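Down below is the structure, laid out as structure tokens.
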Amino acid sequence: MNSYNGIMVYVEFGENGLLPITRQLLGCGRKIADELGEPLSAVIVGSKGIEEGSDAAQLGADTVYIVEHELLRQYRTETYVAALEQLVRQQRPTALLMGQTYVGRDLAPSLAFRLETIAVLDCIALEIDHASRVLLLTKPVCGGNAVATFTSMYYPQIITIRDKAMLPMEPSFGKNAHVVHFAVSLEPRSFKTRLIKKVKEEGEGLRLEEAAVIISGGRGIGGAEGFRQLHETAAILHAAVGGSRPACDNRGVAPNRQIGITGKIVSPDLYIAVGISGSIQQMSGCGQAKRIVAINKDPDAPIFKYADFGVVGDWKKVFPSFSAKLKELVS
Amino acid sequence: MKMIVCVKQVPDPQASSTGTKVDVAAKRVIVPHGTPPVMSPYDESALEAALKIKDVHGGHVTVMSVGKNLARPVLRKALASGADELILLEDNTFDQLDSYATASILAAAIREIGTFDLILCGRQAADTDAGQVGSGLAELLHIPCVTVACGIELGEEKVNVTRIVSDGYEVIEVMLPALVTVSSEIGELRYPKLKDLQAAQKMPIVVRNAGQLGIDVASLMKLNLVSLSPPQHRNVQCCMISAETPEIAGEHLALTMRGAGLI
Amino acid sequence: MPLEREVYKELESVVGPEHITEEPATLFSYAYQWMAELVPDVSGGGKFFDRPEAVLVPGGVEEVQAIVRLCNRYGLKFHVYSTGWGPWAAPPSGGQILLDLRRMNRILEIDEQNMFAVVEPYVVAAQLQAEAMKRGLNVHISGAGAGTSVLANACCFQGGGPDCIYFDSPQNSILSIEWVMPTGDILRTGSLGSGLGWFCAEGPGPSTQGIIRGALGGSGGWGVVTKIAIRLVHWPGPPVMPIEGTVPAYRTKLPADQFRATFPAFPSWQSFADAIYHIYDSEIGYIAHRQYVMWGDELQAAFLKIVSDPDRQLCDLEELLHMPEIQKLTDEMRRCFQLILVGMTPRDLEYQLKVLDRILEQTGGWNVALVNEPAMQQYVLLYMMRLCFKNLNFTATGGFIDTYNSVASPDIWASGEIEAGKKLLKKYAGRIADAGDQAMGPIAGQGGGGVTGWEDFLFYDPHDPDSVQAAIEVSDEGDRLKAQQGRPPGGMLLGLARTTHTEEKVRAQKLVHAREYQWQRKLKQIFDPNGIGSGNYLWAAEPSTNGEST
Amino acid sequence: MGLEDFKAMVHRCSRCSYCKWIPFAHVKSWRFAKGCPSIEYHSFQSYSASGRLCISLALLEERISCFDEGLPDIVFKCMLDGCCDVACKVCRYDLEPLEVMRNLRFRLIDNGCFPIQDIPLIDNLRKEDNMMMARKADRANWAAGLSLKDLTTEKADVVLHVGCRLSFDEELWRIPQTAVTLLLDAGVDVGILGRDENCCGGRLYDMGYRGEFLKYAENNIDAWRNAGATTVVTTCSDCYHAFKRLYPEELHAPMNVLHITEFLEQLIAKGKIAFKKSLPLKITYHDPCHLGRRGEPYIPWEGRQKKIRGQILVYEPRKPRNNGACGVYDAPRNVLRSIPGIQLFEMERNREFAWCCGAGAGVRERYPEFSFWTAGERIEEAYATGAEALVSACPHCERNFLDALDQRGDSLKVFDVLDLVREAR
């Protein structure tokens, strides 16, 4: 493993502070780091004050790098790649772990190629081959029809990890990390992109990532018209509404509400699948839900292999009475 | 406007899932016999994005694909849909490539072409789901990259790209030449007409092999595929609720969920 | 090596782009041959001989002529192909073009009064027979069956068959010929050459038929025969043969007072041979052939039961062989042949049946009762009359060859050669289909009163390398045995295949054994000065230098 | 199964050319002795069953490649009508030329080597679930005004599947409409899936798109189960073949499948359909390939090939032989014969060795010229019988004959068996 050393975790923040995936990355990173006998570090990238409130020293890493720059105020591929490139070239970690988030899946490949290595995205398992001390990176491929395990001899290994695939780091693990402010030099004129607009489009209801209950619709629901019914029911259950890729393509729900291998990976307590066949691509996004309820007119639809409760029938007929009954029961 | 669209030929992701198997020994996913490969759907959207720009602003669209045994009819569809040129980077060694090798081969071919304004790729391929070639290619060519676009608007020596983010979307202005990876929201590839297909059948295509491109795949591969296995399924017994009518079944479902404490 | 573009273009301008191809898949479809695996030094043990460089499908004699002239100009060898069945149909070596004559497929004329038909190369026997029957006539069908070319059987290969006893041999049935010589010039022989029509084989002056046809046929190396007139014989049956039964066990119901299938069988080979002489002498019989023994004398009865019954399958074989009545039948049929009697009138048939009875009486023979069952009678009549099931040769394994065949007087049947052949096959039992005496062939291979011919069949599995190897060994051993007896080699089919494609000196010497081959070779040198006509062994083998072959 | 599983079989072809002709026993003339439209139209040996077996071997031995430019033309210019298969099996018990040719198609499709003209067809199919380049929403227009059960919501014993051709070919709507009238009048509990009826997938399968076929087959079987149907009746031979043979073979889904002529034969025998009028008409009946030789029931078989007596190849246990013997030949003829006044003449090539109409296996869609030529040959044969009308039991045959006649400027009448039944009632 020559001169590379240490596991580095890329820390991401959401509106409510640290993203859950970051905890999971730290948990996984700690395990790998300990097994390899290497240190665990975390890196926070942003503009001044980014680390405030995150209690960087308590993240559970041995070292926390804080990379601050005015040009890093908002995520942009170019600036973040440039900043991380400088840190990684200096620190030479064995692996850099990121979340399979909108940022991670954008940042990881660009950074990897910049460093003349390769990234592996959307991993669901990370192990060490003890004989060779090589990382075994496991991820779904072919839309979830198969699971592949890769290795690479190129370092640093840049890896994104799927949400909920790893256990979060125990909160008790916190210890005082060595916090290092890493100075980067960024030349504004070298950048070719500019963020000109950012629009929040959460739409109706709760965010998918935070909802305990999700109602999700498939191709059969049709466009926005059909989804209105799902939204109404969601309001009763305090649920979020999502959709399969065809449903998004039909403009039934917003793109960022797509659940599946190319959308969001969710794991609510209850997932209600309406008119969703349960193709492997879809189930990759919600297979971790605690309970699944399905309404589908095809008795052999794969969704019934995942569901705890199911009704075979046309959703147009089943759903209204279901919804009405729910309303009655909940109120 | 000179555009290059990179497309990948993949096993049909919509293949009958009951017939799809994982050949563990060969480390390949096998779709049922009689299932043709397709252009990866996101790549079709990338092509559609290019054609939409061409519709409005004119321009030249070159489609490029890397692989072993590339099926002409699958890729000529791009020509029939409105692309102007098809370049196949085809070699027996271009098999089961990783993203780094694929991007490097594309980069070599694009350097041969020389000038271009915009490169479009699908956000990820339907087989490997790696999602790296676009970003990687941009890095290799030292051009900016915007990923997961759902809209592209052409301006003066720049494009405005609308990209999907976790809580909405953002618009990024990027100077040309640039690379954009495209998501399905941009729209499905238009249907080619029969006469366009027949015309496409006769259009010349350019084929370049590893030697001509000066490529040694072995030296480019950075990833080893150790194993490929079928996914683990959640193993539950589904409690099916049936009733005389679908309406009653709906009510029963709600009641059962209440009974099980789900609501 | 692909053709020069210039040459290809010129050939294309002759036949048109639709009728010339260099598509590799198509070229291989012409290189695949039955028995190719028996010539491993050329085929690598697989199914493909050398593929042609291009295939042309000319539409008529002018196009053939133009192609042959171009071949002369460019020194390009051509190989000619009609129905394409048999190892000699693929080009014997690389670098040749192939002329597929399938578009030259017309029956140009049926002259009822003078009883002949004029046909092009791709008319198959079943077609001409059907058209002839409508006019109360019939045509000879080669032993290879109804699917083979009438013209090629008459001009280019041996072409004999079960009906020679009545129809005469095909070479004796050729009348006038239209021949594109290897130089590209056209020669019209017989009455046709004198502008008098097709009716006569020999015009004034020397016979050209012997030159064109030679002893065993021109074998393709001899220009292209584009039309022949062929003699027809009487058909006293219905204009359309009535077919009944379920596929594959079709049957025909012909008037019983004019048509009769018989299976004469004998206690010894001597009586078997005697009966043949008597049949010749008494001039009875329309068709006479030792047919069903092709499956082996041990299996023929059981096999007949299988193939004549739509509900039977080969897997019933073992069960049938254990049945006492089949065992009895097997014994009854050991020394038998198939004799079809056709009366031009009911009285004629009556007479022939009486003669047969007398012959059986004299020789101690009997008529196997199996054939008297109506379904079997109808099946056998159809089989022998139309030779429409001849591919049953392949039914057991997909591969057969003849190993030890002989063309000789009927005495050969009593000479012990049958037993020698049987012993030879027994030795390889298991690796080849194990069936005993498999000596099949016409009772009058070369015409009435002439000689019999038989082929010792052997079934092997083309997919099984060990079985293929056994077939090669049996064939070679058979030839050695015959050489010891001072007789010409057997294994006609394999012999052709192997010498067509090899330079194997010994075999070549054997095959140029006969004087007529030598003459034909000399003639070819005169008629084909540029050596562009590609054929089989006659032309491929080096002439022998030792005394044996002259 | 894939092409590689047929290697032994392609080694054992004797290249005898039986596959190019009707069974020789049945040859009645020079003209109509030919059995294989593909080789007759294209001349080269490769356009025959044995040629395609040779090619399969060349492909398996990597002498040629799927990607050779001329290969799709050779492989796909064929109706897979199966006359070759019947002729082969007259003498061979161990060869399945049709199976090999189908698997050869699957192999090419697997590699994306399909005729480019397939693209719009398959694109539309994936969107609209039909093979007619039409809209799914229009699928049930033929049934407008008929009071029929909608099996997406109701249940019935019998589901009538009319297929893509009859759903969208307005000129032929009279055929399913007649079928409905006859069935309802006879008191049959029948319904349709209407707009939700899907393509049967049979033609896709023959075209090489087995993967697409599987999806449709799965869908249809589910839809029938949901409707509680025990019997599927179809007015289309292509669909009949798909349901009768392919569904049980590929999806192990046994279903009682009847062609409408079989059902009518039963109804007539039971006296539930009576004829009041005489139709003085000389007709000849064309056997649709998919109803005749290819419409044999599927009989499951699991076993092995073994050798007995040295090298004789047999199947253990006995393997069903699909040689055309058990196709549906008599039902349509019996229906026709029961109509007063009808005189039925047979063409020279009939039943298991009938000449194909030219429409099958994607040829009409991909190579219309060849398709019409093939139909023209059949029309000539029909004329040769002296008949005034050509009757069939498959809308694909009928459409192809109508179009070919149109092209030739001919006026031979073309009917479906149902037309004559309707006229005589």
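Order of writing sets the labels: A, B, C and D. Residues in every chain begin at 1.
The definition used in the following text is that contacts are C-beta pairs under 8 Å (C-beta built on N, C-alpha and C of every residue); 3 or more make two chains touch, one makes a residue touch a chain.
In this text the structure is predicted, and so the values were computed from the model without any measurement.
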item: Chain labels contacting chain A and also chain C; value: D
item: Which of C-D and B-D has more C-beta contact pairs; value: C-D
item: Chain centre separation in whole Å, for chain C relative to chain B (CA means); value: 60
item: Whole-Å separation of chain centres (CA-atom averages), chain C against chain D; value: 37
item: Chain centre separation in whole Å, for chain B relative to chain A (CA means); value: 21
item: Contacts with two or more other chains, residues of chain A listed in rising order; value: 312, 314
item: Touching two or more other chains - residues of chain D; value: 218
item: Contacting residues of chain B [partner chain D, same complex]; value: 9, 12, 14-16, 18-19, 31-37, 69-74, 76-77, 80, 191-194, 197-198, 200-201
item: Partner chain D, residues of chain C touching it in the complex; value: 18-19, 21, 23-26, 28-34, 37, 46-48, 55, 57, 83-85, 100, 102-103, 106-107, 123-124, 126-131, 134, 145-147, 240-241, 243, 246-248, 250, 252, 299, 310, 313-318, 382, 386-399, 429-435, 459-464, 467
item: Contact set on chain D toward chain A in their complex; value: 152-153, 218-219, 222, 225-226
item: Sites on chain B touched by chain A in the complex; value: 11, 13, 17, 20, 22, 27, 29, 42, 98-100, 103, 123-124, 126-132, 134-136, 138-140, 143-148, 150, 160, 164-175, 178, 183-185, 188, 222-234, 236, 238-242, 245-258, 260, 262-263
item: Complex contacts: residues of chain D adjacent to chain C; value: 7-8, 10-18, 21, 23-30, 33, 39, 43-46, 50-55, 57-59, 61, 63-64, 68, 70-71, 74, 86, 89-95, 307-319, 321, 323-325, 352-353
